[in-house]
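In structure tokens below, several structures.
Note that subunit A is present in both complexes that follow, paired respectively with subunit B and with subunit C.
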Partner chain A sequence: MTSSLLRPPGHLSPATALQLSQQAPIIIKNSPGAVTASALSSLFSAPETPELWTIYENLLLSCLRTGDEESAHLCLGRLVNRFGDDNERVMALIGLMKEADAKDDATLEVVLKEYEALLQENPTNIPIVKRRVALLRSIGRISDAVTALTGLLDFSPTDSEAWSELSDIYFSQGLYSQAIFALEEVLVLQPNAWNIYARIGELLLMSVKSGSGDQNDSAKQLGEALKRFCRSIELCDDYLRGYYGLKLTTTQLLNDPPKPSKQAESDGLAPPNLSTLQKLDGLATEKLGEITRRFTAGEKGWQGYEEAEIVAAKELLEKSSSTTVR
Partner chain B sequence: MAQLPPQTIQRDPQLFYWILFPITVVMVLTGILRHYATVLMASPPKKVEQPALKEQRSLMHGVAVRSNFHVLTAPSFKARREFLTTAFESGAYLKDPERRGQPPANPMTDPGAMDGMMGMMKNNMAMMVPNTLIMSWINTFFSGFVILKLPFPITIKFKSMLQAGVATKEMDPRWMSSISWYFLCYFGLQFVFNFLLGSDNAASQMAQQMQGMAPQAPNMFGPGVDADKQFQAEAENLAVIKHYSVLDDVEQRLLEGIKTR
Partner chain C sequence: MTWFSKSTTTFGFLLLAHACYSAYEHSALQSHRAASLSSLSATTQQAAASSSLPLDISLETIVATVIITLGLVLNTTKLRPIQWRVWAGQIERAGEEGARNSSGEVDKDFVGNPFKLLESRPGFVDIRKQRKEFAEWVKQQ
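For the complex of A and B:
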């Protein structure tokens, strides 16, 4: 319960977020609203912990997600009381609140203007820069969002969050190679992020399937996708998306082998030989089967997967088994 | 061998109320006062200007690429290496490109560096001034009093420490003078402050002294460091990397790993 409040709420399922926000009034009532700074009372009350404020911030986000704006305002009020409204993080939260309260596009434009005024004052206010990017993206001004984001990355190239957002924007525009480049930057900063490896694999696979890239390149791209998925599994050996992607890639490579290209050979990204491919395919099928079986059986320790991913994995398995029978 | 009769000194019980207790209270109160004074005097972290931030983060990015080059495939690493080495060598990320090649500015004239030094000075003053005052206060009013007898025997070596200010040759070292009680408080109150003010308080002198003694970590972006030289060194580091990738033979590793399990 509280543990899910201490982590950033991006990963929460809608159900958990709803549950959290329903408990918000109770949590707010039971948590201290303000920690006094006087020496005498600090002797008797519990010491202030950073967790308290993390809880308020995450609760605020969950409440906004479910539309409980009353509790959200309470959380924000306490954060403002504690840190003042000139704290960069609190400024971003205030802006988020205004965005949530905005009823029409005109109000959003006003919020955007406010962000720009804040950035005029202090161009290194990174939380506000990020809010501005998110707002621009949500009102459909994609190219402005990309410009703002690249501006941020120009002076702060070690921000992996910004890189992955940039990748997501590029991906939404179908610019696969740019999206992959941005994700590679994330990997440079977080070298063991297995989900990013799998994500790069997915992007490569999609770019092959969409046929946007050079046709001669598909051997190289598929080879790299395969390697990315393998690395992802190597880092996290129960990662469903890794196995799913591996299965897709091997199927593609087995059914429709691309022309071998010199380019792929020289870069060391050529797809492996047939027997290795078959072994990998078998491995992925086996593991996907195990994961879906154990998840459906409700075994302990196998329940962390998302329902939708399991369903997709099942479909993939059924499809592949029906083709082999035929 | 005849047992020496234990030394007894007739002490006025009022000594306890008028010396031992006041010294302790004053020490505790000064500690708390110092904590809040430090909190009040602490200057907020200085805002970093955008070009300076860019300089720092670009260098960190270069370091990240150098240390994690193995996550990249050969072509994308080569592209990055070329881009970064050219940019680093041409000084594209420098805070003030006009000052390239000039010796670093004197840290004394740099207002940013002065701020840091002022902060250190303030901390030192907050430590020194009260200590001097209390010591002289004790020396003026309470010197020469024997206020306490330790409940355990102690060797003669401690005599000079515990009986500072009491010039009696034959007295058992177990007797303590007021100034030594002050020192005992000085070193022993840290736990009291931890209890009163939380563990990261600024009240205890010991912690600050420890901090002062620890060797200062080399400041990567501090004043007086030539960023251009750092960029040149980083460009060289990048240029000499012999690239390999974790993606090389990953499928073999994976299959073997699964088999051996």
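For the complex of A and C:
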């Protein structure tokens, strides 16, 4: 329970978020509300841990998501008590609370104005810059959000989270090559992030499927997607997402082999030859089969996958086996 | 495995206690004998020679130490993987289950996939969208 409170709750399922926020009153009651600065009383109270404040922050996010505003206000109050309302991270949380409370667009505009006023005072207040980008994106002003985000990346180019967000905004606009470029910047900063490799592979596949670019281009992109998925598997054993993408790419390449082009070969991005592709396809099928089988059998140590991903993998396997039979 | 290592350690400690007690008894006996012999004007040389520990007690001590060490080593938790792909694979495959220690609690420093943050991006969270999605989920239930 507490272990999931130590991690940001963005990716949790609604059921888990609800469960967490239902526990919020108990956790708030049982945790110390404030830590005294005086040496004498700190002798008698429990020691202050960094986890305590992480828990408050994540609990706040979960409560805001489920609409439990009372507990959210309590969490925020304690954070403000501890760190003061001029702490950059706390400022962003206060802004987040106002966004969540906002009933109409006019209120959101006011919040946006507040962010801008804060940035006037201190233009390098990164949490507030990020909140402003998120708010702009949320109210549909995408191009303003991109401008603000590129501004942030201009003065803080090592922020991989911001690069990743930029990639996501570009992707939502269908700008695949820009989205891939931004993710490549993330890889420069986090060269071992296996999920980002898989994400780039997925973006490349989608860009091939969307049919933008000519024949040459798509052959090159499929070849690159293959390499990205292979790298993600190299970095992470039994990576369902990587094998799924690999299977999709090899199926596409085997069913519809692109004509070899001189340019792709000179770049070193030409897809490998037929036998290698078939071997990769066989490996992906075998691994996907193993993962789905062991997950559904309830084997211990194989239950970390998500149900939906397993279902999708099963569908893919069934589809591919039915086409082979035909 | 735990009962085996625990019983091994206990057995080792018993042996060690036994060796200590024997050594104490031996030295007590020796000093008693030396006292009684000196009154009979025996040579001090002989007393010094017999005051060293007999071989079986020394051997028992060494064997007990080895057995205790063996028991403690067998009782350690499973080592974490040090290869990147094995470590990452364990996170993906087993999730929180893989990080449980011997008492069944998830380790405090377990973070799951540390790069998941690059996809969930807590700094850019769109709280209004999340609230809307959550409200829809509640309606479906």
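What we mean here is this: the second predicted complex is superposed on the first by the 325 of 326 C-alpha atoms of A that agree within 3 Å, B and C clash if a C-alpha of one lies under 4 Å from a C-alpha of the other, contacts with A are read in each partner's own complex, and residues count from 1 in each chain.
Here is the rule we use: contacts are C-beta pairs under 8 Å (C-beta built on N, C-alpha and C of every residue); 3 or more make two chains touch, one makes a residue touch a chain.
As the structure is a computational prediction, the values presented were derived from the model and not from experiment.
Visitor: Once the shared chain is lined up, is A:W53 touching subunit B (first), subunit C (second), both, or neither of them?
Guide: So A:W53 meets neither subunit B nor subunit C here.
Visitor: Does subunit B (first) or subunit C (second) touch A:Y170, or do both, or does neither?
Guide: neither
Visitor: Just checking: does A:Y244 make contact with subunit B only, subunit C only, both, or neither of them? Give me first, second, both or neither.
Guide: neither
Visitor: Is A:L187 in contact with subunit B, with subunit C, with both, or with neither (first, second, both, neither)?
Guide: First partner only.
Visitor: Applying the touch criterion given at the start, work out whether A:E234 contacts subunit B, subunit C, both or neither, answering first, second, both or neither.
Guide: both
Visitor: Subunit A residues in contact: does subunit B have more, or subunit C?
Guide: Counted on subunit A, the partner with more touching residues turns out to be C.
Visitor: Using the superposition on chain A described above, determine whether A:K279 touches subunit B (first), subunit C (second), both, or neither.
Guide: First partner only.
Visitor: Across the two complexes, find the residues of subunit A that touch subunit B and also touch subunit C.
Guide: In subunit A, residues 234 are touched by subunit B and also by subunit C.
Visitor: Which bits of subunit C are touching subunit A when the two form their complex?
Guide: Interface residues on subunit C, with respect to subunit A: 84-86, 88-98, 106, 108, 110-113, 115-131, 133-135, 137-138.
Visitor: Mind listing the subunit B positions that touch subunit A in their complex?
Guide: Within the complex, subunit B contacts subunit A at residues 32, 36, 47-51, 53-54, 57-58, 60-61, 64-65, 68-76, 196-198, 245-248, 250-255, 257-258.
Visitor: With touch defined as at the start, can you tell me which subunit A residues reach subunit C in the complex?
Guide: Residues in contact with subunit C: 3, 6-8, 10-11, 14, 17-18, 51, 61, 64-67, 92, 96, 99-100, 102, 127, 130-131, 133-134, 137-138, 160-162, 164-165, 168, 186, 190, 192-196, 199, 234-240, 300-305.
Visitor: Applying the document's contact rule, which stretches of subunit A touch subunit B when the two form their complex?
Guide: 39, 42-43, 47, 122-124, 154-159, 181, 184, 187-189, 191, 224, 226-228, 230-231, 233-234, 267-269, 272, 276, 279-280, 283
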